[in-house]
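The next part holds the structures, each set out as structure tokens.
You will see subunit A twice below: alongside subunit B first, and alongside subunit C after that.
Here is the complex of A and B:
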């Protein structure tokens, strides 16, 4: 069966070499990044719940939050926000494709949405960055 | 569920429904905590007062449930992308269903001290009753 191509590969004309990361085009990288950002967010969710679940008293919760209120963590949180914005906006793009919208101009749609995402992230960073340095 | 195809379709639809729920619930969660009063310290007391607002409490519970489904079904989608077989998919799906239920209960348990500040936390209570018995 090794010589046989899947139905998707036959219809879209995908070759085996197209699946090698060195040959990825934009859509394939976005597909990969959507999976990667999804896994990152899921791992964050798990750690977020663990941290809260194991600091159950007011004093332990407050001291933990005070520990997190430092530049390194705030920068990591802004990076996480970028990851979430990417996943959200590309998820919106995937749902448009489900409705048959924008498939032909998927690259323009991607860069347009990333422009919107950059604005959203910049808005958040402008509000939150002063607290990174002045903690 | 009458067939595997129907289960797959339901998962596909729920992935979209939870995506929309997450957009609003996570938006409210982040806005209320970080943007209404930027730089305000998050304390036990501030979380308790947030949980006393029934609307914000339901936002957080919706967020927990929707994130669990969306994240774990996402793992299933990644496995499908990499060509998991039907037997593997079946085993993985049940593992993920189990993880989702446990994860949701664990999340509720994490929120418990903020919901009922006077009572003892659920996990500790179960732990202590196990030790005593």
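Here is the complex of A and C:
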């Protein structure tokens, strides 16, 4: 296009762009959530390591554990577990793609793995829930 | 008399040489059975607004000129019937993330530049002998899908990796590379694999599958890209 001016125009109006979540397809959602859960896990790991590192004595560690041993935190832990299960199983899905497995049925693979993840999460929740209600 | 359905086309308008920013113009028309978005746009051009710019040629899904963003999906205007789109309003825009020349016409030069970078031609071993380069049905079946590419640019436009990294070759160019690397008659596979073996080649794909969802020819670029990756890692023979 010699001499012709062109410009990247931002398409106006949310529904009309492909950046509008309503226009996302499954793979786009999964990719986005994989990034999001990755950041959450990273932030958790850093804060987790800091908290453990700063409790130098047995008594300070015990008081810290006592602080965390409450229903709100346990519910957050269940959410964290869901985030980790999602990230792990989808990471497994991405590795399978690199091995040439499941590229043609990526959606079925995703939902199948999420089914497994739901079972894993439910199993953990059953174990954790008595602590939440009994604390 | 059966009432004809009326549809309003909201068409993206932008002339970078005159306009400060883009706008949408509304055009209402009666829709006949089988009428495509392309026919609607040509109707606008014929009787409502002669200044509308769009690109088209074959009108039958072969040339790949009329790729657009229609009601939130990447489509060929000539292969999209107005009846199949829900609602009385149809949003028609240019391919997203591509520079707009005017209205629905985008600059395809950066896209074709990428395709040109992977040696998109058959490099045969022997000089033309007057005979065919034979290929078995099995050998041909490997490239059946990739051969169908019409270079419309839809997959390139739909890929979040091309949005964020200008140098990424993109799904179309990489599928083209696969089409020749996997061709039994071609001898330049190693050269082509070297060309795509980079951060902005096959390794930038994040398996978002937008290209697979969007391709109007039902090609699976992700499969092609992953095949090239396996060829690079374990060699071409073993990767089958």
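Operating definition for what follows: the second predicted complex is superposed on the first by the 113 of 135 C-alpha atoms of A that agree within 3 Å, B and C clash if a C-alpha of one lies under 4 Å from a C-alpha of the other, contacts with A are read in each partner's own complex, and residues count from 1 in each chain.
Heads up, the rule we're going with is that contacts are C-beta pairs under 8 Å (C-beta built on N, C-alpha and C of every residue); 3 or more make two chains touch, one makes a residue touch a chain.
It should be emphasised that the depicted structure is a prediction, and the values quoted were computed from it without experimental measurement.
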Partner chain(s) touched by A:53 [first = subunit B, second = subunit C, both, neither]: first
Subunit B versus subunit C as contact partner of A:98, first or second or both or neither: both
Touching partner for A:23 - first (subunit B), second (subunit C), both, neither: second
First (subunit B), second (subunit C), both or neither touched by A:130: first
Partner chain in contact with A:120 - subunit B first, subunit C second, else both or neither: neither
First, second, both or neither for A:66, with subunit B first and subunit C second: first
Partner chain(s) touched by A:38 [first = subunit B, second = subunit C, both, neither]: first
Residues of subunit A at both interfaces, subunit B in one complex, subunit C in the other: 98
Complex contacts: residues of subunit A adjacent to subunit C: 1, 4-13, 15-18, 20, 22-23, 25-28, 31, 94, 97-98, 100, 103-104, 106
Of all residues in subunit B, those that touch subunit A in their complex: 16, 19, 22-23, 26, 30, 34-35, 38-39, 41-45, 47, 67-68, 71-72, 74-75, 78, 81, 103, 106-107, 109-111, 113, 121, 123-124
Subunit A residues touching subunit B - in the complex, by the definition given at the top: 35, 38-39, 41-42, 45-46, 49, 52-53, 56-58, 61-62, 65-66, 69, 81, 84, 88, 91, 95, 98, 124, 127-128, 130-131, 134
Touch list for subunit C against partner subunit A, complex: 12, 14, 16-17, 21-24, 69, 72-74, 91, 93-94, 96-101, 106-107, 109, 158, 160, 206-210, 212-213, 220, 222-223, 226-227, 229-230, 239
